[in-house]
Amino acid sequence: MNIFVLLKQVPDTETKIRLTGDSSGIETSDIKWIVSPYDEFAIEEGLKTKEAQGGTVTVLTAGPDRCVDALRTALAMGADNAMHVKTDGDTLDTFQVGKALAAVLKQNNPDLIFAGKQGIDDDQAAAFGYVAEFLDIPSVSVVIKVEMASDKKSLRAHREVDGGAKHIIESTLPCLVAVNKGINSPRYASLPGIMKAKKKEIKTFTLADLGVAGESARVSESAYAMPPERSAGKKIDGDAATQAKELVRLLREEAKVI
Amino acid sequence: MAGFRLSDEQAALKEMARKFIEKEVIPVAGKYDSSAEFPRDVIQKAWENGLMNITVPERFGGLGLGVFDDVLLNEELGAGCLGIGTSIAVNTLALTPILLFGNDEQIQRLIGPFLEGPKLASFCLTEPGAGSDAASLSTTAREDGDSYILNGSKMWITNAGFADLYTVFCTVDKSLKSKGMACFAVSREAQGISVGKPEDKMGQKASDTRAISFENVRVPKANLIGNIGDGFKIALTTLDRTRPAIASSAVGAARAALHYAIGYSKERKQFNRPISDFQAIQFMLADMATKVEAARLLCYQAGFEIDQGNLKLGSYYSAHAKRFAADMAMEVATDAVQIYGGYGYTKEYPVEKIMRDVKLVQIYEGTSQIQRVVIARHLLED
Amino acid sequence: MSDIFLVAEHKDGELKRVTLEILGELIAQGIQPEVLVVGAPDIQKLAGALGSKGAEKVVSLENPALAQYTTEGYANALFQYLSTKSPKAVVAGATPLAKDFLPRLAAKLQAGMANDCTEFNVKTSPITVRRPVYAGKTSKQVSFVTGPAVFSVRPNVLAFPADAQKTPQVEKVSADAGNVRAKIVEVQASATKKQDLTEADIIISGGRSLKSADNFKIIFDAASAIGAAVGASRAAVDAGYAPHDMQVGQTGKTVSPKLYIACGISGAIQHLAGMRTSKVIVAINKDPEAPIFSKADYGIVGDLFEVVPHLTEEFKKLRSQS
């Protein structure tokens, strides 16, 4: 199977977010960049699918030069190939990223595409839909289990919906599957994997190469703002019974939330 | 000057090792510290992830990494758990004599199995009567046909209870002192080997330390590493190469102690403010950090010189790195306990374990005193 | 005729509350949207609910193939209808369902999109929204500079509108689900009928201090006594005490309930990011230095195994009084 995994490089979850002086974005100077955690699940699912069905796993990202590290991480985990749409100097919106990724995918005819359900930076959770639509293939999102049909022409995906319910969805291939945490436990890159990864070539594209340089942004972003700081409130003293009683009274009479 | 930046692969190695300790070592370090069991499962995972035997050259199927890379790896292992780290890292010490002085056939035959499965090896140099004065050892090797017959006892041998292969240092003639020494690769299966009970140590509980004795153990001549008379050189050259990594494990342990101390000092409130607000604590933290940074640079420099083939300079910096890193880690761990106060003295918090664990680094693989002897010898030689 | 479209969401024949929250806000901005309902089992009932909060125009997109949700079916049917109009904005609640089909609809409309918005203004030009990013550690304004604005609005952040009795005009449109290649073949209901965290008014969460999955029962007991949903910290999920769909925080759900009670949760930055927009936060923790207390409106320093059962009793008393 020709398996593709879409990934995004994002600030580490422990990053303390600071804004630039003009609030036009976040300060990126001291950030540790990682593969978005949901995309790690996608890489793992790609590798597991390859191990079960045969084929190759290609990881694909769009972003500035630093994203090469994210691709190397995926290669070190065991991906076979890596592709990079270089966007240095441009900030793309989700629409443009979707166009760029879809253009690469169109050239490569994947049977199956995995992605994380969202990047943990922008939390937009939309690129998967744009890509699937631009490719005109089905998509399933928030997936926690994938079962491949024996003829490799369709799959069943378990999708989490609200309230703990699940939809089991049958889709033809090619299909784009956006995965959620819980689907697997990602391997980390082994040391031999890291050493092998350094020798692999990363195929690069520019937006012009892909014929999507003319796509204009649909949205612009501005005015980043930090949420209001919460401050510590009341401490409730006494034994457990007194504390519980007092809490309920305060929630009812002061905060009026119950 | 090439600069201090790690290469992308080295940064990735460090990152990977850090993930490994976060996921596989730190969560179980306390458990193995209290049970003093051998961390088989962690060793298995370390092997699966390629963290063992990293210096085996590529032409023999290894990763072909250098001493500098080993330094990076061992800082992370030391930050995870010195005891578990020692269990994982000791293979490199035990196999280095074969890698450096063995012929191709020996490397393939003796080291090949270590790339096939999570096997362990022990480095058998120290004896009850020969510690810092290694040349005074008294385990004997007697030629007998196409074999040598080994007799004698070794002490403080790491992983001795679980090793599949021992690199054993002996003498063919004690009166020749260092010139009579030889190194043999001895299979665990050889008749006449008996291992003692695990030592009940102060720290590094997860590492297996025992006495081992050889009674008329027959070793084929094919397992003589180098030549008769090379033993002392093999031992010292090996220790020069592995010392930066041992030193680096102490840097890791100290880094962990500092990390815990910083976190605790920001949480712990006295006089209505975090104790990190007090200059007394700030100065302690600052001094701890300076020591960690300085020791790390010494380890890097030692690793770098050895990888460049500057063995003499490497030996010099290795001694500095080992001496300074071990002593500073002891100081930093002690200060971390001090910052925690009474809590730090209990097993509920991680710093007392680090303090017990790092003590051993001042002792094993050349005490801090012997390192000073080495340094002084370099300084005073004509 | 409105060029602002609100995609209503319904489940088991009932309208989702977030649809009404958005409706109320649009009306407050002086906009009377056209409300689109896809595959409704009983459009009159839903129209009645929409009318009670001031909707005047409801369009029912109908086709037997739309009775059950499919990503492609919803996107196709909505696009087919919207392509006959000139939409300026298409809005929906930021629910698992809408976040699934909305990106595909946006792509079809050649539009930009913004998910999980907490504020919006459809009267400005360009239309602007505000959405939290980095799991709520910060937020940004998004302006729809080219083409229609497609966005979803997070439940529970807008006020629930007051009653405004209207009888909407209902237009039934025969819609085409198009080529649907991914279909639901089975629906597995949750073993316990759980409220969705993102829509819950009250959430009680447990952390690693619970020490086992079994001990989570005391959290569930308290939750059922007050009608709350149950959440968990990442540490509790990673330790296997709770399933991932209960996780609150950066790699779990972002929630904004009226009341969030954190039990035995220390308050790692990733967890705080996921619940900091809760209106009232209560922390119960043994460790007086736990960072969660610095964000909590009410703090109880105590053992959750002692405090929570008492809390359950107090909730029960409260319920029996009212």
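Observations on the model:
For clarity, chains are labelled A, B and C in written order, and residue numbers in each chain start from 1.
Everything that follows uses one rule, which is that a contact is a pair of C-beta atoms (placed from the backbone, for glycine too) under 8 Å apart; a residue touches a chain by one contact, two chains touch by 3 or more.
All values derive from a computational prediction rather than experimental measurement.
Shared contact partners of chain A and chain C are B. Set against the Cα centre of chain C, the chain with the most distant centre is B.
Nearest to the overall CA centre, using the mean of each chain's CA atoms, is chain A. The chain pair sharing the most C-beta contacts is A-C.
Centres computed as Cα averages put chain A at a distance of 20 Å from chain C. Centre-to-centre spacing of chain A and chain B amounts to 40 Å, using the average Cα coordinate of each chain. Rounded to whole angstrom, the centroid-to-centroid distance between chain B and chain C, based on C-alpha atoms, equals 54 Å. Residues 11, 13-17, 19, 26, 37-38, 93-95, 98, 120-130, 132-134, 137-142, 144, 156-157, 160-172, 175, 180-182, 216-227, 230-236, 240-241, 243-245, 247-248, 250-252, 255, 257-258 of chain A are the ones touching chain C in the complex. For chain C in complex with chain B, the touching residues are 289. On the chain B side of its complex with chain A, the touching residues are 8-9, 12-13, 16, 19-20, 23, 48-51, 54, 63, 65. On chain B, the positions that touch chain C within their shared complex are 267-269.
Chain A makes touch with chain B in their complex at residues 69, 72-73, 76, 188-195, 197-198.
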